[in-house]
Every structure is written in structure tokens, then in C-alpha cells.
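Should a chain be cited, it is by its letter among A, B, C and D, assigned in written order, with residues numbered from 1 in that chain.
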Amino acid sequence: MSSSDIYAAQGFGGSLGLGQRWALLLVDFTVGFVDPALFGGVDIDAAAYHARTLLAFARDAGLPVAHTRVGYADDGSDASLFAARNQRSHLLTDSSPGSRFVPALVPVAGELVIRKTVPSAFFGTGLAPWLALRDVNTLLVGGCTTSGCVRASVVDAISHNLRPVVVTDCVGDRAQAPHQANLFDMRQMYADLMSCGEVVSAFAVMRAGARDA
Amino acid sequence: MSSSDIYAAQGFGGSLGLGQRWALLLVDFTVGFVDPALFGGVDIDAAAYHARTLLAFARDAGLPVAHTRVGYADDGSDASLFAARNQRSHLLTDSSPGSRFVPALVPVAGELVIRKTVPSAFFGTGLAPWLALRDVNTLLVGGCTTSGCVRASVVDAISHNLRPVVVTDCVGDRAQAPHQANLFDMRQMYADLMSCGEVVSAFAVMRAGARDA
Amino acid sequence: MSSSDIYAAQGFGGSLGLGQRWALLLVDFTVGFVDPALFGGVDIDAAAYHARTLLAFARDAGLPVAHTRVGYADDGSDASLFAARNQRSHLLTDSSPGSRFVPALVPVAGELVIRKTVPSAFFGTGLAPWLALRDVNTLLVGGCTTSGCVRASVVDAISHNLRPVVVTDCVGDRAQAPHQANLFDMRQMYADLMSCGEVVSAFAVMRAGARDA
Amino acid sequence: MSSSDIYAAQGFGGSLGLGQRWALLLVDFTVGFVDPALFGGVDIDAAAYHARTLLAFARDAGLPVAHTRVGYADDGSDASLFAARNQRSHLLTDSSPGSRFVPALVPVAGELVIRKTVPSAFFGTGLAPWLALRDVNTLLVGGCTTSGCVRASVVDAISHNLRPVVVTDCVGDRAQAPHQANLFDMRQMYADLMSCGEVVSAFAVMRAGARDA
């Protein structure tokens, strides 16, 4: 029996469908995670490329947009075990080029910017209350890495009772195997998976439905 | 280049070593997750078997011990999206046999019991303050599933600045591929991996060192 | 210049008005906090009496209802500093009569019951995600004590971006001065204050408006 | 019976004593909260004056030091209900003079700086894990206002199982009555109260004891 068969037999892998109030979370699309010489890899470049379309869609649709970036204090004052476990985390201090957003995905006024030092965009941040104030119940997630901060944020999103949607062509990882394994886990237990095109179409359908109602 | 090579080149996969003050967290060793007819699978039985040794060690050593179980209110009052995503989550209501601890791993007086409704043992629970009160800085983790609640708890553990140790022969999953993939992720980014025997030996060495100092 | 004048001059004491989606939180209406021989006092009895009307209203109106009770593990396994600071906290263990809900305010099926060990109903509990799933943006709060767990819960409510409404005749304290002082603080900084009658009227107006719209 | 008598009869008002590992938290000693023309008042100036001694002591003693400041995004992107409840919260945007630390209490390299948008220094921030990493179990708290962000931070501190010590001459408020009422509440339920001089003496005694042991 394949893994998928086991999960299906145990009731996993279904979908709750989407809610009516969406927001977009872009996780760590910074120079440090897009550049393969730093912490990037196989398909993060492509994910960042496609995320431009996703971000443009969200802005056009008037969705709340939040961006995270990893940034550690230059003076080491917020040193953490998670940072310490990587021998090159000094490349992500606040003043390092690696902690800057990639130019094509820089936040604009009114979008939430979360500086974070741990994997999840929710842990020790104001993201959940920010989404609550905006009545969001469905969270589109793009970013990197799939197996790291995207996964951690998706687990927290559903724990906060938000419906996470992993936008498959807008998330990437430094290696293919972890990318695929984590898409599998998220699909089975936590999130819907949709391409950017499917997201855009679903939104148009929802809006048309709202107009007809 | 293999995934491991990529991670190594980027500074991942190191170890911080262990701290001096340990606790044990056993995640969801309940009937529902050990029984393959419910939510169990390939090696969870074996993990529960080995966890008896780990638990006995922790009790002998006087470590704080916490146990989690998934339990949903019988009247549906705490229904959540995470539960709703599984079509058989009704098998884990508080009065269901599936939500009971397996007999060999039942908590004893003085051990913390956390009823939870989401993946992480930390999310929406008192676990982090409980560990803080006991000066814990190193968290041994056994339980199931590796790719689900163990992984989520380990990510939160390091985010709380605890050193997580995944006890490899005491964690299990319903399928082999997710088990292995998540051990890889945790090893690279979040946790040390040690067998139960290695944990016991390391503790003896630490205690001997403390006596000699 | 009176305290109120100072606060007014500095921009405090305004109201945001109510949102459209309400829930009710009853904090610690248990035997232990209503009985003056345990942890009760001057007006908690009266608050519990009026809370029967508030609870009946919420049930009729179909609002989500959550109840908290303080309960400590009988075996001391979840001992905390907050409990240890009171020399009689053993009167609130799970099997003590003091930790039971007062008969007139016992939860019914479908209402969330939160066992808690710290002041705030939100801290280390699933309350915020539970309210998020129900799209709540306005939280009516009754219970006791005004200066203790009600205040702590109200501060967390607005921090979660919920609009707290302290229902003044449904909150009580063991002494008059802390009751009044904390109503003042909450009014200035965190919450609207309304009587139960005002809450019921405001709801009727809102519903009528919704029908006309 | 006075309020204090009632609290004493019910087991409140005791002290747990201090732990062995201290840190200092200075809450919102910014221009906006010290200046009476903004959000300051009666004794905040004096509190800030005495806090210089407290801060110098903590630095000499090598204690971990954390500072918070209220700062709202200039573009309104992190607007919250708590900020919206005050009609002059625009005076605390990140680029406003009001959000800057007072010159005598500016953080130095290695001290944690927390920008916050809600009352508690812990809510939605990394403070608890930061203290955990430093093995802190006792938190000295100075700052302002006593009835606002100090109180909220103290409630969260004990909920995290840290022993809070409110340094009485280093906390202040915009009016006398809330200051006194909240010192009373904290003393009864959550914290020890000590003057800066008492803190310094207690530390010397503790260090001497450690040398003799």
C-alpha cells in the first residue's frame, strides 16, 4: 500500500474548501533564501518569479498582504537556538544583504512586514491578531522554504483555525526531496494545494458568485 | 549534489549538543495512533515498545515527564479545522477508546497530561511555562506521528529555545517515507537525533561529569 | 485634575463601538469564586445572579458561549507560580467543590469549557482560535474577579483584536475598591462597559438593522 | 473589613521569594510615556530617573536586559484595536519622537529591544523564549504605566512561571489612583514589590551567599 493509500484509508487528504475572506502571506522571499549561494536552491528562484503574479493578484483583489523576513539583530541580542543551529546564520543579520526582500517582491505601504527569528510566521509575532482584525479565514501561502518556514507557518495557520492554501508554484526549497515530502505532508494533514492560476480562477468564481447572490 | 550535501554546504545539520536539564515529552502514544486500524502504521507499535524503556529511564532519572493525547469534546464544542480535515476524527473524541493512552505508557501521578486538539504539544497549552518552571532546556521527544505531532512539537520546542532531541527508535509514523523525510528535516534544521540507548548513555556520562566536577 | 480628566486629555476612554459578531465569555463562575468563604466577596453573588440573564440571552441569540473554570491537577502535576502565590489554592483542585461551576451557570452541550490555571482565559488555551473559527469580533465578558481573571482576559481579548465588552452587572470582585479601579482601567484603555440590559438592547437594535438592510 | 484583610483571609498577598537568575525588563520608557504632554503624568519622570540606577545595577551585575517601546507602523499597516482606542496613538508611530527611548535609558549593544503594539511585553513577541534561553526565573520590572503595560507584562510574566518583581520607585503612571490600585492588585496576586535599593541589596546578599556556599 502506498503512503497515499494509507493516508486515504485513515481519512486524511480531504479538503475543507476555501472560505470567503482571503489574505496572502509571503514567507521569507529575501535575498538570502533566493540566492543558492546563501540559503536558496533548486526552485526558489522560480517560486519568487511566480509569486510576482500572486502578489499582483492579491493587491488587485484588495486582499490583506503580509510579508515575513528572517532578520537577526546585528549585535546578537536576539540570538536563538534556531539561528545557532545554522553555522551561517550571521548572513541573515538585519544589516546583511541576505535579510532584504528580493526587489520584485518588496512590500508596499499598508502591507504588514514581520521580522522573524524562528520558522513560523505566527510564533511570537502579531500575525494572528492582524488577520483576525481583517476577518480573514483563508490564508494563501507562498514563499520559502517549503520544508522550513512555509511548513511551520502552515501548521500554525490551521492551528489558528485559518484555512491554509499552499500555492504550489509559489513555494520553493533548496532541494527537491524535502520540497515534495513537505507538500505531501501539508496536503494530507493541513492545507489545500493550488497553483497560482487556480487561486486566481477560484477568486473570480467566488466574486462572481457573490455578485449573483 | 545530494540533499544532505546542499544542506551541509549551507551550514545546516550541525548540533548544539545537549543542555544540562532534561525533560521527556511523549506525544500522542494513544490507542488511536498506535492501532493501524485507526491512525497507526508501520513502526508506531515498535516506537511505543521502545518508549517504555525511555519512560522508565526518565522516571528513574527524576526527569519531568509530560504526555499529550489528542482528545476532542464529545459534544463537538471544540471542533477545529485541523480535526475537520480528517474524516475519521470522531474516533478521537474524549470518550472514544482511541483517545486513551496505551496501557504500557499511562502517565503516573506528578506527570503532566496535556489534552490537545492541534498538532503541536505547545500550541494553546501550558507546556512551555511548565517546562520553564522546571528549568528545562533540553527536551527528549518520543511519540507519533513523526511527520505530524512530533514534528510540530519539535519546531515549537526550538522556537521556545529548548534543545529538542528526537529519540529515533521511540518515534513512529503510519508510513515509512514521511517518517524518514521528517527525521531528515528535523535533523537538518531543528533537533538532534539519538536512539534511546544513546540518550541513556549520554545521561550517565553527564551525571558522572557532574559528580566529578 | 481628576484621573478621568487626565485620561480624557490624553485621548483615552473613547469607544470603538461594537462589531457585528458577538460571543459570550463567562470567567470562573465557580463555587470557589462565588462563595465568600473561599475566594468570593462583596458582589460576586449578584454578578452570578445577573449572569443568568446574560447567559440566557446569549443562548437565545445563538451566540458562541465559552466558560472558564480554575482547576489544578489533584496530583500537583501542573503546579504553577500563580497558584503557589495563594496559600489556599489547594481549594481549587479539579476534584474540589470549589472548582465546579455554580449550578445556575453550568455549561450545556456545544459550549466551550476551558480549564485554566492562570488568570487569562486566553493564555495557554485554545480560546482565540475557537473564536476565530466562529468569526467573532466582539466579546461580551462576565465573571469574576473583575480585578483578576476578568481584567487579564480583557487585556488579552483586545490584544487579539477582539472588541471586549465588560458587562458591568455581571462581573464582581471580593472587594469594592479593586472592582471599581479595574472597571476604570478597562474603560479607559481596553473595553466598553455596558450593563446586561444595555447589551440585550444593543443586540436587538443590531438585529433589527440587519433585517432592514 | 479592609480590602487587604479580605485578601489576607483568602490566602493572597504572600511572597514566593526571589529565584537565583534575574533579568531586567524596562517597559516603555519612551519620550511619549514620560512627557506629560503626551502620555506621561505624575510620577513617570521620577520613575525614569530612578530607573537609571536600576539599569546601571543590572548592567554591572551582568543581568540580561530587555527594553520595550510602543511603535506603530508609519503607514498604518499594523493598526490594532488597542491603538485605535486612543485618539492620539498617531503620536506613537515609529518615526514619531514619542516612540523613542528617553536618552538616559537607551539600550546598549546586547540588550533586547522589543517593539510592541499591545500592552504586554510578552504578547506576540519573542520575550519569553529569550528569557528561557538565558535561564531566567525572576524578572525585575520597571517602566510605565503601572496600570497599563507594566501590569499587563507582570500578569504574563507569572503566567509564564517567571517570578515578577515590580520595582516600586521605577514604575510610574499618569495618575496616582491607578498607580496605587494596580500596585495593590499586583502585590496581592502576581508580584513582589521592592524598591530599587531593596533589589540591589537583595542581589548583594544572594551573591555573597553563593560565594560562601
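Heads up, the rule we're going with is that a residue touches a chain if its C-beta (ideal position, glycine included) is under 8 Å from a C-beta of that chain, and two chains touch if they have at least 3 such contacts.
It should be emphasised that the depicted structure is a prediction, and the values quoted were computed from it without experimental measurement.
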Hey, what chains does chain A share as contacts with chain D?
-> B, C
A student comparing B-D to B-C should find more C-beta pairs in contact for B-C
Interface composition of copies chain C and chain D: same or different, split at half = same
Whole-Å separation of chain centres (CA-atom averages), chain C against chain D = 25
Give, as an integer number of Å, the spacing between the C-alpha centres of chain C and chain B.
-> 35
Got the chain B residues that touch at least 2 other chains?
-> 80-81, 118, 124, 128-130, 133, 159, 161-162
Please name which positions on chain C make contact with chain B in the complex.
-> 73, 75-81, 109-113, 117-118, 124-126, 128-130, 133
Per the touch rule above, chain B residues touching chain D in the complex are 128-130, 132-133, 135, 137, 159-162
Touching chain A in the complex: which residues of chain B?
-> 3, 6-7, 10-12, 14-16, 38-39, 41, 80-82, 84-89, 118-120, 123-124, 147-148, 151-152, 155-156, 158-159, 161-163, 174-178, 181-182, 184-185, 189-190
